[in-house]
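The same chain A turns up in both complexes below, where it pairs with chain B and then with chain C.
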Partner chain A sequence: MYDVVVIGGGAAGLAAIHSAYDPTLKLLLIEREKTLGGILKQCIHNGFGLHHYKEELTGPEYAERGILSVKDLSFETMLDTTVADVEKKSDIFHITIMNTELGEAVIQAKTVILSTGCYERTRGAIQLPGTRPKGIMPAGSAQRYLNIDGYLVGKKVFILGSGDIGLIMARRMRLEGAEVLGVAEIMPYSNGLTRNIVQCLHDFDIPLYLSHTITDIKGIETLEAITISEVDTHFQPIAGTEKTFEVDTLLLSVGLIPDIKMFDSLKFDVSSLTNGAIVDQRYQTSIPGLFACGNALHVHDLVDFVTEESEKAGRFAKDYVLKTKAEKRQLITIDPGDKVRYVLPQYLDITQNFDETVLSLRATESALRGTFNIHQGETLIHSKKARFVAPAEMERLVLKRSDLVSEAPLKVSFEVGT
Partner chain B sequence: MYDFIVIGAGISGALITRELSKYQGSVLLLEKENDVGNHATIANSAIVHSGHDPEPNSLKAQLCVRGNALYEVLEKELNIPLLRTGAFVLAHDKEEEATLDMLYRRSKTNKVPDVHYLSIEEARTLEPNLSDSVTKVLSLPSTKVTYPWEVALSAVENAIMNGAEFRKNQTVTSIDYKDGIFVVKVNKDECLHARFVINASGAFADQVAAMLEQEVPYKITPRRGEYFVLDRRVKGFINRTLYPVPTDKGKGVLLVPQVHGNILIGPNSVFQDSKQDITNTKDGLNYVKEEASRLAKDIPYNQVIRTFTGIRATSTYKDFYISSSKAYPQFIHVAGIDSPGLTAAPAIAEYVVNDLIKKLTPLVRKTNFNPYREKIKMFHDMTPEEKKEAFKNEPRYGRLICKCEKVTEGDVIQHIHRIIPGDTVKGVKKRARAGSGICQGGYCEVDVIKLISKELNIPLKSVNYYHQDTPILLKETKVKK
Partner chain C sequence: MKKEMICIVCPVGCHLEIDENLKVQNNKCKRGEVYAKKEILNPTRMLTSTVRINSKHQARVSVKTTDAIPKQSMFKIMEMLDDVALEVPVNLGDVVIKNVLDTGIDIVVTMSLKA
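For the complex of A and B:
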C-alpha cells in the first residue's frame, strides 16, 4: 500500500512528489512516457522559469531542474506506465496500471494526486465546417512531431486560434522553412501571451486576423485550401469578408482541456468552467484524499505557477496522510462574478488552518487597468488593482484568512478602469 | 481471367464477394480507395432497420426485412457487433399520429416482427430523455445497430479466407465486352478479364455502368447527410434508436446509440452535385440540432467529439436497382443502394447470386467453405485470465496507447497484421479504435505511426494518414532526436 501516488510526471507531478516527500512515507510517481518532464520536453523555446528560478530557461531545461530536485529523494518511479483506471473502495484507492513488465496490475494508495496534464481541443469539438482531409491537426501534435521526432508536417501552413502553442508553432515552422500564411482568432483579442504575439508573429510578419474564423475547408485526400471570414459580435461569419488561402496544413490552437478522462470511475465533481476537478484551497477534490494540480486541474499559461500550485498540492496530500484523525470539511464557495471566467479553488474549507491562500482566476475582458474585488456576501473584503489584464493571462489574488468576515460565499469580480 | 469481378468494396460489394466465395470459381474484388468501405459504408446511421418504412412490395421492403434477419447469421459467422436496441418512432400531433398508423399497417404488410404501440408513460420509463412534446410512440423491437464498416471488412476478409482476391487502390476506368468476356481496365493501364461483372460502386454506379452501357437506366443523385458524434461517455442518454415520423424527405433526423457507446445525431438530407464532397455545413448542422430537439431534451452537445457527412447513392429509379443489364446480362447492376442499404446488404448478396447469377450460369458450392471469421478480441474486452494469457505471449498488450478508448499496442499490432492490414492511421482507427475518442488521436497518433512503420518495416515518412501519398510526417529536419 502506497501512502501517496502521483499520476503524471510533468512539471506538476515532479513538484508534487517533491513536496509530498517524507522519509516515513511510501511514495510512487507514475509516468506514461519513457522519460519525466511532460509537455516541457517539446517546448524547446525560451521563456520558462522567470518567476520560479528567476532566470529564463527552455522547457527541457526547466524539466531538468525539476528532475534534479527529486533525484536524491527515495521514492519509487514507474516509467512507461499508464494509469488506466482509479477506483475508491472503503477509503483506499485502487489504481489500475499498465506496462510491459506487469501487463495490467492494480496497486493501492491512501492518497492520489492527479497531475496528468491536458489534451488539445480538436476540430470535432469546435465543429469546423468543410471536408476532412489529411493535414489538419492540433498545434501541439505538430510541435511534438517537429521537436521530439524531428519531422515537419507541412510546407504551407495556416493556424486557427491564437493560443500560445499556435503562436510558438507559427514561428517554429517558419524557422524550419515552412511558409506560415496567417493566424485567425475568433475573439477580438488574442488568446496567447503578449510576448508571444510580438516574438512569434510581429517579428516574422505573420498576420493575425482577430475576429475571424474558418468557414470552409477544401480538399478530399489532402488539405488544399481554407477560407476564413470575419465574424460579428455574435461570432457569426459576415458574408463578403471571405479570404481563401492555399495551404497543406491547418494547425489548431483552440484550447486545452484537463486530461482527466481516465478517472471517470471516481466520479469527483468537475467544473464546467475549467473542465477540471472542483477543489478546495488544499487542491483536494470532492473525494477526500484525491488531489489535483497543474494542467490536469486548470490550464496554465506559465509553468512557474504549475510548480507553485503543485508543491502545495503535494504538501497538503502529505499532511492528509500523516494526519491521524478523520476530518470533517466545512466548505464555503468561491464563485466567479462579473467579468471573471473562473476562480480556483472553488471552495474554501474553513475548518483548515491557513493564513492565506492564492486564488487563480481569468478575466473575461482585456483592460489596461482595472480592479479585482472579492466580496463576501455584500461586504467587499479584498481588492487589488491590476494592469494589462487579458483573458489569456492567469491572474492571482492572495486571500488572507483575516479578510473573511463571515461564512457567506465569496465572489470575485473584475472592474475595468481606474 | 476471373469468373467474377466485383467493383466496389462497400458493404454491398463485400457481402456479394463473400457470397460468391461460397461457390467454385474465381472472384476478384476491386476497390479504388486505400481500404474497404470508405464511402457510404463508413458514414451512415448504422441502423439495421426493421423494415417499417419502405413501400410494400418494393425490393427495398423485401430485402430490408430479409437482411435484418440475416444479420443474426452474420453475427455468429463473422463475429460482427450487433446491438439489439429496438427503436421508437415518435409522433407529435394528430397529423403525425396518422402517419404512425400508416407505418403500423405498413410494418404488418412488410412482415416486420413484433411492432406495437406503447403508452407515453411506458415509453418515458424506457427513455427518460424523450422530448416532452411527443404524443404517441410506435415501438420496433427488431431494429438493431451494427458497425457497418466492420461488416464490410469482415466479409472481405472471410471471402479472402475462402479464396477470393481483393485489390485496393484500383479504380475501374473502362469496361469493354469482347467475345463473351468483359475487359475491365484499372487505373487506366492494367486490363483484367471476367465472365461476370458486378457493379457495386455506390454513388458512382451510373458512371461505372456508363463505361459499358449505351443507356444507363438510372442516374445517381447524391444526397448528403450530416451528423454529430457524441463521446461514449454519454452512453445511456438514449438506449434505442429514436425516429421522427418520415416525410417525403426520408426518415429524418435520428438519435442512434452506437455499438461503441457513442450516440449519433443526424442526418439531414440535401441533394448535391458531388459524389465525394463530404463537406460539413453550418446550416446542415444547425438543422440537425433543431430537428433533434423534437426527439430528446437537453442533448449534451458539449460532448460532441466530431461531425461527419455521408453521401447517399439515391437514384432516379425509386427502388434499389438490382438487375442484369439488358444488353449484357452478365453485367449486374447493384445501384441506387441508399437507405436501407446496409440492412439489406446481406439479402442483396443472396439476391444477386441466387436470383440473378444462378439464372445465367450454374454454380457449384464449395465443400470446404468456412463461414467463420474470428474476431480480434481487444485487450480491454478480455477476461482477467485471457488478459494474462495474451500478455504472456505479447508483452506489448501491457502498453496502453489510446487512453480514451483503452487501446493497447498489442491490439494495434494485431490489426496491422490482419488479413487486410490496418496500414494507415485511419485504417488503424477504424479497426482498433485508437484515436476515436475525445482527443481524436492527439495522444496516440504518433504511437500508431511508429507502430505501422516498425511492424511493416517502412520509413516513418511512408506511413499514410489514409489515402496513398498522404504521409503525416512530411520531411525530416535537422532537429536532433
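For the complex of A and C:
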C-alpha cells in the first residue's frame, strides 16, 4: 500500500512528489513515457522559468530542473506505465496499471494526485468542414514529431488558431525549411503573446488573418488546399471573402483540455468551465484523498504556476495522509461573477487552517486597466487593481482568511476601467 | 521610408514607427525608442532547435544559442546544425558548436540524455 501515488511525471507531477515527500511515507510516481519531464521536453523554445527560477530557460531545461530536484529523494518511479483505471473502495484507491514488466496489475494507495496534463482539441472538436485527408493535426503533435522524433510533417503549412503553440510551430517549421503560408484566428485579436506574434510571425513575414476561419478543406488521400473566409461579429463566414491556399499540412492550435478521462470511474465533480476537477483550496477534489494539479486541473499559460500549484497540492496530500483523525469538510463556494470566466479553487474549506490562498482566474475580456473584486454575500472583502488584463492570461488574487466576514459564498468579478 | 513595428518590451505593445534618420514615434516610453533602434541597427534573437542524436528514446536532442545571435544569421546557423550528429551520453550545457559564426556565442545542448 502506497501513501501517495502521483499519476503523471511532467512539471506538475515532479513538483507534487517533491513536496509530498516525507521519509516516513511510501510514494510512487507513475509516468506513461519512458522518461520524466512531460510536455516540456518537446517545448524546445525559451521563455520558461522567469517566475519560478528567475531566469529564462528552454522547456527541456525547466524539465531537467524538476527532475534534478527529486533525484535524491527515495520514492518509487514506474516509467512506461499506463494507468487504465482508478477506483476507490472503502477509503482505499485501487489503481489499475499496465506495463511490460507487470502486465496488468492493481496497486493500492491512501491518496492519489492527478497530474496527467492536458490534450489538444482536434478538428472533430471544432467541426471543420470539407474532406478528411491526412495532413491535418494538432500543432503540439507536429511539435513532438519534429522536436523529439525528427520528422517535419509537411512542406507547405497553414495554421488555424493563434495560440502560442501555433505561433511557436509557425516559426519552428519555417526554420526547418517548410513554407508557412499563414495563421488564421477566428477572434478579432490574437490569443498569443505579443512577443510570439513579433518573433514567430513578423520575423518571417507570415501573415496573421484575424477574424478568419477555415471554410473548406480539399484533398482525398492527402491535404491539397484549404480555404479561409472572414467572419462577421457572430463568427459567421462572409461570402466573397474566401482565400484558398495550396498546402500539404494544416496545424490546429485551437485549445487544450485537461486529460482526466481515464479517471471516469472515480466520478469526482468536474467543472464545465475548466473541464478539470472541482477542488478546494487544498486542491482536493470532491473525493477525499484525491488531489489534482497542473494542466490536468485547469490549463495554464505559464509552467511556473503549474509548479507552484503542484507543490501545494503535494504538500496538502502529504498533510492529508499524515493526519490521524478523519476530518469533516465545510465548503463555501467561490463563483465567477461579472466578466470572469472561471475561478479556481471552486471551494474554500473553512474547517482548514490557512492564512491565505491564491485564487487563479481568467477574465472574459481584455482591458488595459481594471479591478478584480471579491464579494462575500453582499460585502466587498477584497479588491485588486490590474493592468493589461487578457482572457489568455491567467490572473491571481491572494485571499486572506482575515478577509472573510461570514460563511456566505464568495464571488469574484472584474470591472473594466480605472 | 518609415518602418512599423510592435514593441515587445512590456505588455502595452506600442505600435512604433521609425524612419531612416532613426527617429522613433508612437512610443509611450524611452524603452520603446531603444527597442526600435536596436531592431533596425542590430536585431538579435535567441535561436533554439534540435540536432541528431543516437539515443534509443529520441531521434533529436534540443539545443540553443547561449545568447541572442544576429537575426539575419538564423538560417545560416540552422544549416550548420544539419551537419551535427551527437552521440549519447550528452549533458545539459555541452557545447555543440563553439563561437558560432565568430559571434562569441556557443550552441549548447539543453537536455541530458543517458547512454
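Heads up, the rule we're going with is that the second predicted complex is superposed on the first by the 418 of 418 C-alpha atoms of A that agree within 3 Å, B and C clash if a C-alpha of one lies under 4 Å from a C-alpha of the other, contacts with A are read in each partner's own complex, and residues count from 1 in each chain.
Following the convention adopted for this analysis, contacts are C-beta pairs under 8 Å (C-beta built on N, C-alpha and C of every residue); 3 or more make two chains touch, one makes a residue touch a chain.
Computed from a predicted model, the values in this text were never measured in an experiment.
Undergrad: After lining up the shared chain so the two structures overlap, which partner does A:Gly240 touch, if you call chain B first and chain C second: first, second, both or neither?
TA: Touch status of A:Gly240: no partner.
Undergrad: Does the superposition put A:Thr35 against chain B (first), chain C (second), both, or neither?
TA: In the superposition, A:Thr35 touches chain C alone.
Undergrad: Between chain B and chain C, pick out the one touching the greater number of residues of chain A.
TA: B
Undergrad: Is A:Glu176 touching anything from chain B or chain C once the two structures are fitted on A? First, second, both or neither.
TA: A:Glu176: touches chain B and chain C.
Undergrad: Pick one for A:Gly150: touches chain B only (first), chain C only (second), both, or neither.
TA: A:Gly150 sits against chain B and chain C alike.
Undergrad: Who does A:Thr194 touch here: chain B (first), chain C (second), both, or neither?
TA: Only chain C; A:Thr194 stays clear of chain B.
Undergrad: Looking at the overlay, what does A:Gly417 touch: chain B (first), chain C (second), both, or neither?
TA: In the superposition, A:Gly417 touches no partner, neither chain B nor chain C.
Undergrad: Just checking: does A:Pro23 make contact with chain B only, chain C only, both, or neither of them? Give me first, second, both or neither.
TA: Neither partner.
Undergrad: Pick out the shared contact residues on chain A: the ones touching chain B in one complex and chain C in the other.
TA: 146-150, 176
Undergrad: Within the complex, which stretch of chain A touches chain C?
TA: So the residues of chain A in touch with chain C come to 34-35, 41, 44-46, 58-61, 63-64, 146-150, 175-176, 194-195, 197-199, 202-203, 368, 387-388.
Undergrad: Can you name the residues of chain A that touch chain B in the complex?
TA: Residues 32, 80, 82, 84, 98-104, 119-120, 122-125, 127-135, 137-138, 140-141, 144-155, 176, 215-217, 220-222, 259, 261-262, 264, 272.
Undergrad: For chain B, which residues count as touching chain A in their complex?
TA: These residues of chain B touch chain A: 228-229, 233, 276-282, 285, 302, 304-308, 379, 387-388, 391, 395-400, 403-404, 406, 408, 437-440, 442-443, 445-446, 460-461, 464-467, 469-470, 472-481.
Undergrad: Per the contact definition, I'd like the list of chain C residues that touch chain A in the complex.
TA: Against chain A, chain C makes touches at 5-6, 8, 11-13, 45-50, 52, 57-60, 62, 64, 71, 74-75, 78, 92, 110-112.
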